[in-house]
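Letters A, B, C, D, E and F mark the chains in the order given here, with residues in each chain numbered from 1 onward.
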C-alpha cells in the first residue's frame, strides 16, 4: 500500500469506528505531545491494524472489549464500547462478552467493565 | 434450568469444545484436589457460562483467545486454541485476533500467543 | 446440595459478608443486564465459593483483600474491605495484609489499597 | 530495632520459612549480582516484613499464596508453597486459597497455581 | 552503612526527589497506619533503593515512569512524574518514555500515562 | 519520511539492536503467519519507534528492560537484554534497573528478570 492509500484507509476507518464518540480522543492527546509521532501511531493503529479485514469489524470490536476488560483499562474501554456500538454490536452482545471474561480475568474487571458499559448506554439514552 | 439440564449442557458443551485436546484438562486437575468443587466449577463454567448462546461459539472462542493473550496465560491459551479450532475458527482468524491484541496488551504477549498457536498447529500437522 | 440448599446458603452468606455495605453491589449490576445470569453468578460465587468452610471466613476475606490489592482493583476492594470488617477482621489486620503484599505486587498497589482502607474507615467513623 | 536484632530476626525467620526448600533461593540470586544489596533486601524483606507478628505466620503465607496466584508468578509460588507447608499450612488450606482466587483473578491463574501445588506435593511425596 | 547514614541518605534523597510535590505522600499514608513500619519502608525504599548511584537519578526516574506506565498505576505515576521533573528530566523525555512503552504494555496504558503527564504539566503551568 | 527512508532506518536499527541475538526473532514469527503484516509491524516498531532519537539508545533499552521486568515477560526480556548489551548497557546497569523495579512491580518479577539476565550472561560467557 502507498502512503496515500494508508492515509485514506485511516480516515475511513476512523470515521467508521470513532464518529461521534465523547471523551478526549487518543489522537488529540498524542498530537499535543508530538505531531509526527501522532501521525505515525494513527496511520499504524487505525490504518494498518483496525483497517484489516480478515475478521469482521463487529468481531474485532468485541475482541477489543474483551482485551480491555481483562486488562481493566476503563477509559479506553469507554471509547471502544462506543466504537463497538458504531460498528453494529448490540448492548447485549457487548455485555455477554464482558460477562464471559469473568472466567479468565476475574469478576472485579467484569464489574468495572459493566459499569463502563452502563455509563455509555446512559449517556446515549439507551439504558 | 434444572440440575439435570445443566449437567447435560455441561457434557454437550465440553464435548464440543474440548474433544481430543491434548494436555492436562483443568477438570482433572480440580478433581484431584476436590471432587465436589470440581463438579461445581465444571457445571458453572462449562454448563452455565460457555453453554450460553447469546453470541456464536466461534466468536466466544476468539474472545477467549484475546483475553488469554493479553493476560499472557500460555497453558490455558493452548487449550483454548484447540477449542477454537474445534468450534470452527480457522488458524488465520486466531492469528488475526492475536495480532490485533498487540494494540491493547503489547507485543510481548502477542509473540507468546503466536508461539503457542504455532505449537498447536505443529502438533496437529497443520503447520 | 440441592438448588434450594444453595439458594439458602447464598442468602445466608450474602447477609454475613455484605450486610450494610455502601456502593453499588455487583449483584444489582449483573441483574440490570441479565436476570438469569445474575442469579447463576450469585449462586455460584456466594453460595458455592464464599460459603465453603475449609478456611475461616476471616482468613477468606484477608485473602480476598490480598488478591484485590495486588490486582489493583480499587472498587471491588472497597466492597471487600467492608465485608472483611463484617466477618470480624480488624483494621490492623487488613492494613497488615495490604502492607505485606508490597513484597509481591509492589508499593503502588499497596498505596492504592491503603487509601481505599482509609476511605472505608473514614466513612464508618472508625478513622 | 538495632541492626543486630534485625539480622537475628532475619536468620530466624528465614530458617522458619525456607528451611529445606528446593530451587534457587532469591537471596543467592541477588548475592550473585550485588552482595550489599542482597543483604539490604534480605534484612528488609525477611527481617522487617515477614518477621512481623501482627498476623500469624500461617495466615501470612496463605496471603502470599493468594497474591502470587493472581499475579501468576509460578517460580515464586513454588518457593512459597514450600514455605507455607513449613509454617504449618495444610495442602487442603493451600488448595482452598488457590481455588478461591478464581473469583478475583480468573481460572487460568488458579490452574497454574494448582499445577504448582501438585508439583510441590509430588516432590515431597505428599501426593 | 550505619543506621544514621541510611537515615541521612533517606532525608537527602527524599528532598531531591519529592520536594514540592502535590498529593498525599506515601510516607504520610503509611505513617497513619503504622509509624514503625512507615519508617522501615521509608529507610528501605528511599534510603537504600533510590539513593543508590549505579545509574544516574534521571535514568532511574525514567525507569520508574516506564514501570508505572505499563502497570497503569496512575496515582503513583503522578508523584513520580513530579519527581522526574525534580531530578532534571524534561517533559519531552518523559513523554518519549511513555510513548515507547506502547510497544510492550499497549496503547491504553500509554494514553493513561500521557493524560497524567499532561495534568502534572498543567498544574505546574508548563503546558 | 518516505517509505524508503523508514525501510532503511528499520534495517539499520535492527542491525544495531538485534545483531547476533539468539532465540526466535519476533519478525520471523510474524512472517510465518502474515508476510505483509510482519513488514508493517517491523517498519512501525523498529523503524518508527526504536529508531527515534529523543533519548539515547542505552536509555531506551534500560526502559525496555524495566517495562518487560514488571510485566514478567521472560522470553521478550531475553531478547531485549541481548539488545541492551548490543547498544552498550553494562550487565551492572541492567541488573540495577531490574533491582529497582522491585519497588513498583514486586520481587517475583525482579527475581524472574535476574534469572533471565543471568542466563543471557552465561550464554555469552560473561558470567
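In this section, a contact is a pair of C-beta atoms (placed from the backbone, for glycine too) under 8 Å apart; a residue touches a chain by one contact, two chains touch by 3 or more.
These numbers were taken from a predicted model, which means no experiment stands behind them.
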item: Equivalent interface positions on subunit D and subunit F, same or different at half; value: different
item: A-B against C-E, pair bridged by the larger set of C-beta contacts; value: A-B
item: Length of the line joining the C-alpha centres of subunit A and subunit F, rounded to whole Å; value: 28
item: Chain centre separation (subunit A, subunit D; CA means) in Å; value: 40
item: Subunit B and subunit F, separation of their C-alpha mean positions in angstrom; value: 31
item: Subunit E-subunit F separation of Cα centroids, rounded to whole Å; value: 24
item: Multi-partner residues of subunit B (at least 2 other chains); value: 37, 45, 52, 68, 70-73, 76, 99, 102-108
item: Residue numbers on subunit E that touch subunit B, as the complex places them; value: 70, 102-108
item: Subunit E contact footprint on subunit A (complex, rising order); value: 24, 26, 29-30, 32-34, 37, 41, 45, 68, 71-73, 75-76
item: Of all residues in subunit C, those that touch subunit D in their complex; value: 45, 49, 52, 54-55, 59-60, 62-64, 66-71, 73, 76, 92-93, 96-97, 99-105
item: Of all residues in subunit D, those that touch subunit B in their complex; value: 72, 95, 99, 102, 106-109, 111-112, 114-115, 117-118
item: Residues of subunit A that touch subunit F when the two form their complex; value: 2-3, 37, 40, 44, 48, 52
